[in-house]
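Note that the chains take the letters A, B and C in the order they are written out, and that residue 1 is the start of every chain.
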Amino acid sequence: MGSTVTQQIFQQIVNGLSLGSIYALIALGYTMVYGIVKLINFAHGDVMMVGAYSGWFAITALHMPFLPALIFSMLSCALLGVLIERIAYKPLRNATRIAALITAIGVSLFLEYGGMLLVTAQVRTYPPVFPETRYEIYGVIFKYGDIVMLVTSVVLMVLLHITVQYTKMGKAMRAVSFDKDAALLMGINTNNIISFTFAIGSALAAAAGVLMGVYFNTIDPLMGIIPGLKAFVAAVLGGIGIIPGAMVGGLALGLVESIVSGLGASTWRDAVSFLILILVLIIKPSGLFGKNVREKV
Amino acid sequence: MRNLFNRQNIVALLGIVLLYAVVQGLIVSDIMPPFYKLTLIQICIYIILATSLNLINGITGQFSIGHAGFMAIGAYISAIITTILNGPLVLGLLAGAIVAALAGILVGLPTLRLKGDYLAIATLGFGEIVRIIFLNTEYVGGAAGFTLPSKITWTWAFGLMALSVVLMKNFVNSTHGRACISIRENEIAAESMGVNTTKYKVMAFTMGAFFAGLAGGIYANYFYIIQPMTFNFLLSFNILVMIVLGGLGSMTGGIVGAIVMTLASALLAGVPEWRNVITAVLLVIMMIFRPTGIMGTKEFSLNFLGKKSEKNAASKN
Amino acid sequence: MPLLKIDNLSKSFGGLKAVSNLNIEINQGELIGLIGPNGAGKTTVFNLLTGVYDKTEGKMTFQDREVSGLKPYQVTQRGMARTFQNIRLFSDLSVIDNVKIAYHQRTSYSTVSALFRFPSYYSGEEEMLRKAMELLKIFNLEDKAQETAKNLPYGEQRRLEIARALGTEPKLLLLDEPAAGMNPQETQDLMNLIRWIREQFKLTILLIEHDMSLVMGVCERIYVLDYGTIIAQGTPDEIKNNPKVIEAYLGEEVV
């Protein structure tokens, strides 16, 4: 039975939103870290990869069902994120931007190639965690897995929003983002807040990793590179440092990618992301939700 | 220095010719093992890449991490000319460099308003877009790549490297180079002192791109095959590491960094899985403990050979 | 015909009016002061004049030509030079390199000449070196020519900034709080220096300052800015006793 154009469009939208929610989860980590320490954490995509592997380990070796595996993965990557920050980034807090950026890339390479040494470049497969049930509404197919992914992403984003807006920690995070020195003077332990931010960002990336494993079935040590870059584009699109921006940017990018694939130009899919990046930087570098800040002369 | 024919220049020239002659002698008399020759030519290529990136990042202070894109353009354009169009090598290399330079203008102009991190990711995006374009272009072989005969000899590689370094050094040690450095030091003050910062930022990008394209052409015409996946972000990053290792802002540092990294890579060629991990760890350690690199911003200078009165009056070159 | 004429100049940042309806006239050779409480908009005026900010309304005429819309480097080429409130030296460059940059715009050799070391490169470099050293000698900094700029003591850094600005051979010099951070003796030396360079270089000088001893001691006329508008202008004596000025600085109750 053939599907109509409308059905195809809706199918792409569904696919796009699923993919987009994964990008959003990763983008959130980028944006929160940039907001708080003005660092582009190039290693973030690779943290996602570690999350995917942790989840895989939990499911295959520890025989955990989906939800506990997800939590296990999130916790281990939260720890990883804090470790990376303390060891590699903290010493460079007052260094030049280029030094910090290079260090981040160094950590990224370490995770990628260290990972290759550890688990070999061989691709691993996620065992099926969800029933193969499919739902069909007006010819558009929703897999059980799609729905779980979307719901998980949304739940996590809502939890994040609540944490940032309504808890004391969240308020402290926002204060440190705004003005680190002033926050310090107000008695906020900025080091802990920064670690906390890295922990949350990494946990979200881990969740994204597990979801990617479920969605795409296969994982490999270099899987974090391209989604990491794309999530970064999403964060810039929404406005780097701005949390709702990362969510919107992620979803938007997922949709655009889906449409491009749907139009048959999937080899150009990656180029489209970079094109969006360049366009944003040229037209409005502060992103959709961002404000322009002048340098004082 | 009163004119071109001063003590420093003559000594430098003698040193360059000597270095060339020794290696050429070893090659011609078959004493040099092929792997060594390959490494030496690689060093020449990377010296051009490192010093040209230094023009943009170190001298002018613009954060560019897409240098592989310019190299790729030079590689492919020169390959097309020497192979498909059967042109002479000189033309291929020159054309590759010029087209890369044009790309430099194209990248430089719109991205000039961006600062720091934003400029970095824009250049990253540019590098990736170039790679993907070549990946999807069947005319140049797509993913499989482009094969071509190897016409580059030690003479070509060394000669072009020496020429490039001399030209770039001449630029830096002039009022135009100083204008670029002033932009790095304090862009607003530079503008206020009458420096057309837009013009010089574009000039730096263009020149850096030109020489990167030249290096790309040399690479293509030596290694028999070029593939899009060679010119990826990792390559751009490696070049960046070379100049940071050597000392950002120091032309000598760029040369030192290129030599050290290429040699290290050659030494570790037997254990490729470990090479990248070791590089990454060393890199992070270096950033934490000595971010200014080996040379800092100092240059190796032959000024000690100059006349005493000149030394006192002349500034640090 | 005035050297600099500012007519009805206004600048808004979004909803905030930083400067409104400014009218200033400066004649060749004058030494004018621009004072006012913090945040009055004084540096904004400098930034507008030198092209760092774009005006919202009004006209700025320098040497009979409109200068609004020019980029900062073009303004400098026209003959207006400035120093900065927070010193903006090229910190990691040597003292002499800092000054050499100023001579760049009047450079006598092209990029090609630099690349291939034509004779014009060598003569051009020599001229720049000579002129820069002369300037340093005038400012008593020639012994420090090879010193890195950031290693100079604060007072010398400020002197270097002024020297560098003079390297651009300006007709009008804008000094932004040149006495900031100086003790009374240094301020006195600065006053003498300002008077002297005006004579020596045939300058017209507009300066922003908080240090009243310097302003009153050196300026011939003063404009007083508050909340972006000029509330008074006149000679130092007139300004000293102007109730509006006193109110602006010390508040209503004092008057």
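General remarks:
Simple rule for what comes next: contacts are C-beta pairs under 8 Å (C-beta built on N, C-alpha and C of every residue); 3 or more make two chains touch, one makes a residue touch a chain.
From a predicted model like this one, the values you see are computed outputs, not experimental measurements.
The innermost chain, defined by the distance from its C-alpha mean to the mean of all protein C-alpha atoms, is B. Set against the Cα centre of subunit A, the chain with the most distant centre is C. In whole angstrom, the spacing between the mean C-alpha positions of subunit A and subunit C is 49. Look at where the CA atoms of subunit A average out and do the same for subunit B: the two points lie 34 Å apart.
Subunit B and subunit C have Cα centroids separated by 40 Å. Multi-chain contact residues of subunit C, defined as those touching 2 or more other chains: 52, 84.
With touch defined as above, residues shared between interfaces to two or more other chains in subunit A number as follows: 297. Each of residues 188 in subunit B touches at least two other chains. Note for the complex: subunit A touches subunit B at residues 38, 40, 88, 91-92, 95-103, 105-110, 112-114, 116-117, 229, 232-233, 236, 267-268, 270-271, 274-275, 277-278, 281-282, 285, 295, 297. Of all residues in subunit B, only 1-4, 167, 170-171, 174-179, 181-182, 185-186, 188-198, 203, 297, 313-316 touch subunit C in the complex they form.
Interface of subunit B with subunit A (complex): residues 57, 63, 110-111, 113-114, 116-118, 120-122, 124-126, 128-129, 132-133, 135-136, 188, 234, 237, 240-241, 244, 248, 273-274, 276-277, 279-281, 283-284, 287-288, 291.
Considering their complex, residues 50, 52, 71-73, 76-77, 81-82, 84, 88-94, 96-97, 100-105, 107, 109, 111, 114-117, 119, 121-122, 124-126, 128-129, 133, 145-146, 164-165, 167-168 of subunit C touch subunit B.
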